[in-house]
Amino acid sequence: MTATPPPLLSLRQITRRFGGLTAVDSVSAEIDRGELVGLIGPNGAGKTTLFNLISGVTPPSSGEVAFEGRTLTGLRPFEVARLGVARTFQNLRIFPNMTVFDNVSVGAIRDCGLSDALFERSSARGRDISDVSTEMLAKVGLADLADELAANLSYGKRKMLEIARALAGRPKLLILDEPAAGLNDTETIALAQFIENLRAEGLTVLLVEHDMGLVMRVCSRVIVLAFGRKIADADPATVRQDPAVLDAYLGTGDA
Amino acid sequence: MSTRPGEQGRRDEAGPVKTRLNALLVAGLVVLLAGLVAYRSGYFNQIAITTMIFVILAASLNLITGTAGLLSLGHGAFFGVGAYAAALLSTKLGWPFWLTLPAAGAIAALVGAVVAVPTMRLTSIYFAVATLGIGEMIYVTLLNWVGVTRGPMGIRSIPGMEIFGLQGMVFNMAVTATLMLVALWLVHRLTHSYYGNSLRALREDDACADAMGIDVGRLKLQSFGMACCLAGVAGGLFAHTTGYISPESFRFGESILILSMIVVGGLGSIYGSIIGAVLLSVLPELLRDLGSYRMIAVGVVLFLSILFLPRGLVGEVSAIDLIRRQVKRDPNARRSAW
Amino acid sequence: MDPTVLLQQVVNGLSIGLVYALMAIGFTLIFGVLNVVNFAHGEVYTVGAFIGLLAITALQPPLWMVLGMVLLGGGIAGYVLERLAFRPFRRFRDEASIKSKAMREATLLSSLAVSIIVREALELKFSGEMQTIAQTYLLQTPIQLGPITITDGNLIIFGLSVASLGALQFVLYRTRIGLAIRAVSNNVLGAQFVGIDTGRAITATFVVGSMLGAIAGIMVGLYQGAIFPQMGFEPGVKAFVAMVMGGLSSIPGAVVCALILGVSESVATQFFSDGWKAIVSYSFLLLTLWFFPSGIFGSKKEKM
């Protein structure tokens, strides 16, 4: 008898109401280690709210989010991050007045405290942070821009910077919030390859996206949200032909 | 080769160059002070001491406002808390300066922490106004709690600093200079480290820093407490070197003066704190005849700095640049749960 | 405690509360339109009082004329203030920048700087002492109303406040510029899209808000018989407190809270000496910021 490990992320009938509006309605889903799952849905479907529920920004009205078996309900965002959940932002929130290197290091700093600061030159913690920051910068191809002010980066490079920053925390689950937004086809293909490489290295990825091409290309599984409810949860090919999914997208003008 | 944290993209400043510069500055300071001692002017010596005290104040405010982005309009009040603590401990309990100064720092830090705890989750301008309110409340307390603080009459005859028979103006200068250098070193270590990066992350986007695993509340509290501690020590120095304190020295105007120093000198920069403190301490003193113009000059300088010198003279961030960056941000961010 | 005394204090408190209310309205208008804290608002109060003082000493005109001149002066002051301390920072056209945190901080500092300059300049010119005002102008003629005494000042303050509020309502709801102001408060970008000159609306807001502040200043000056350069600082803070308590964008809320502040302050003098009076307002401020993130009467629109 083999024991199956608990899913990495598990949503159990998670619900979030804002006054009279139910943004997320009793959504249940699971993501196992090593999966690359896509989360799609028309505008207003509740993707952002679901995202905020997972990362601890918004508390659920009912239901539960669990990570590695531990419930995330009631945890502050930084506690969720320290458990191993990292994220990027759709509207790119880098730290403009800091260098690229310093930006990435923030992802790794966590609870680096006063004593580390005062005695940093000899601190192991400081060396760790330096090492992982350098490693992640190299991984996203920004190593030669390490000393550049983040504000001076182009759009595409900023995206990679955010990913490097998220990776610096050595997360177990990486949630990417519309990483393909604003990228052209060539860039999107490069991004897809990059995400696949991450998964090949063992990282679990949840991809929130509008770009169907990217989602269908890299995800092994797709979850579809509409009006706060989950209406599909299957492999890309099945989801693409699901009448409920097509119905939800009709009339929204979404690509 | 990994980059040293805190270097802001200035490729010309390699480690050894900066260290040599700093050593040169310290040496210059010693020479300057020695020269003043030789010149034997009590007046100039006092200016030097006051300036160095303001350097400590400016550097400590820069830690929270320039680096961590917490705009504090009440820093002068914590300066006052430290001054009164040192004055009372020495006049009423006879404590020597090497006890009153740490105590002043500790008490100021404690008061700072207590008032900061509920204020931590406020965003920028509300935090600023809360610090204004706190500062004014402290001032009103100093003014009216006559039984303890002697109210508007102030506390006089505060003993000077003395140890092993060493005392007097020169000794005061030496102690102040030493403490100033220690404070600068401390602020430097804190800002030029990964801890400093987490403070900067607070300034840039504290909600995002939260999502990156940084305990925003604790960080704000720590940095605020440390800044208040330094301000308290500065207050103790002020009490012992001038011999007389009254609530009037610790009002809102003082907080604004310190703020102006770092805005002019440069937010987030230690050199900026020094430059700003020197400019706004020494110049008004030298133009003493026009003494009543001092606050107007401060106001004008502050205004012009914000408008034309947004980075201050050598600062890390500029108000206008921050505005430009914000333009790129999602206009809906205001309505989201962040 | 003697109920008559209490009642007297409440009446006095309402009086001063109305003054705070006029200040708070100006504050709230400006905040609603630009999302900024106008640190120089206390100074238009002082400027109003001094304009009235100058008018009285130079020309000895009838009271209504003094008030008219104060209104005019206040409006000009507001115009200049907006041009000087706020407009230069509004260099970009979209809402995100117009209401951004950095701009709020920059204008907080710039309006702070202007307020310092104005205050110190007045101090230089008039020195810190209280200016004396001719007896005939002081609104201190007592009127007996049963057990309590009010002065004609109280009546005038009440009358003027009501008139000002009425005029404000008229301007906001019956004129085009008022409509523009309300539109800009609600949605800057949208207002621009429908062709409203947002720059003019913002300037108008400052003018109107400052007029109210200036009137408040001269009224208090005449009522308390004291006009001095530092007089605007505390009312400015109290106006801010009232605005915050009232929920940031609610004018009725700000008015109610201003009255609460005035009465609390007045009643508090029964228990504490005068010097501690200021603690009342600051305590309210801190309590509101800490426990009522959306203000006591506010909606969840804007968190602090």
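Points worth noting:
Letters A, B and C mark the chains as written, and numbering starts fresh at 1 in each.
One rule holds for everything that comes next: a contact is a pair of C-beta atoms (placed from the backbone, for glycine too) under 8 Å apart; a residue touches a chain by one contact, two chains touch by 3 or more.
Note that the structure is a prediction, hence the values are computed from the model and not measured.
Taken as a contact graph, with one node per protein chain and an edge wherever two chains touch, the assembly forms an open path, each chain linked only to its neighbours along a line.
Among the remaining chains, A is positioned farthest from chain C, on the basis of C-alpha centroids.
Centre-to-centre spacing of chain B and chain C amounts to 32 Å, using the average Cα coordinate of each chain.
In this assembly, the C-alpha centroid of chain A lies 48 Å from the C-alpha centroid of chain C. Averaged C-alpha coordinates give centres for chain A and chain B that are 40 Å from one another. Within chain B, residues 322, 325, 329-330, 333 each touch two or more of the remaining chains. Against chain C, the residues of chain B that register as touching in their complex are 71, 118-119, 122-126, 128-130, 132-134, 136-137, 140-141, 143-144, 252-253, 256, 259, 263, 292-293, 295-296, 298-300, 302-303, 306-307, 310, 319-320, 322-327, 329-331, 333-334. Of all residues in chain B, those touching chain A in their complex are 2-3, 5-9, 11, 186, 189-190, 193-198, 200-201, 203-205, 207-216, 222, 316-317, 321-322, 325, 328-330, 333, 336-338.
Residue ranges on chain C touching chain B, taken from their complex, read 37, 85, 88-89, 91-92, 94-97, 99-106, 108-110, 112-117, 119-121, 123-124, 189, 233, 237, 240, 244, 273, 275-276, 278-279, 282-283, 285-286, 289-290, 303-304. The touching residues of chain A, counted against chain B in their complex, run 48, 52, 55, 57-58, 76-78, 81-82, 86-87, 89-93, 95-99, 101-102, 105-107, 109-114, 116-118, 120, 125-126, 129-131, 133-134, 146-149, 151, 165-166, 169.
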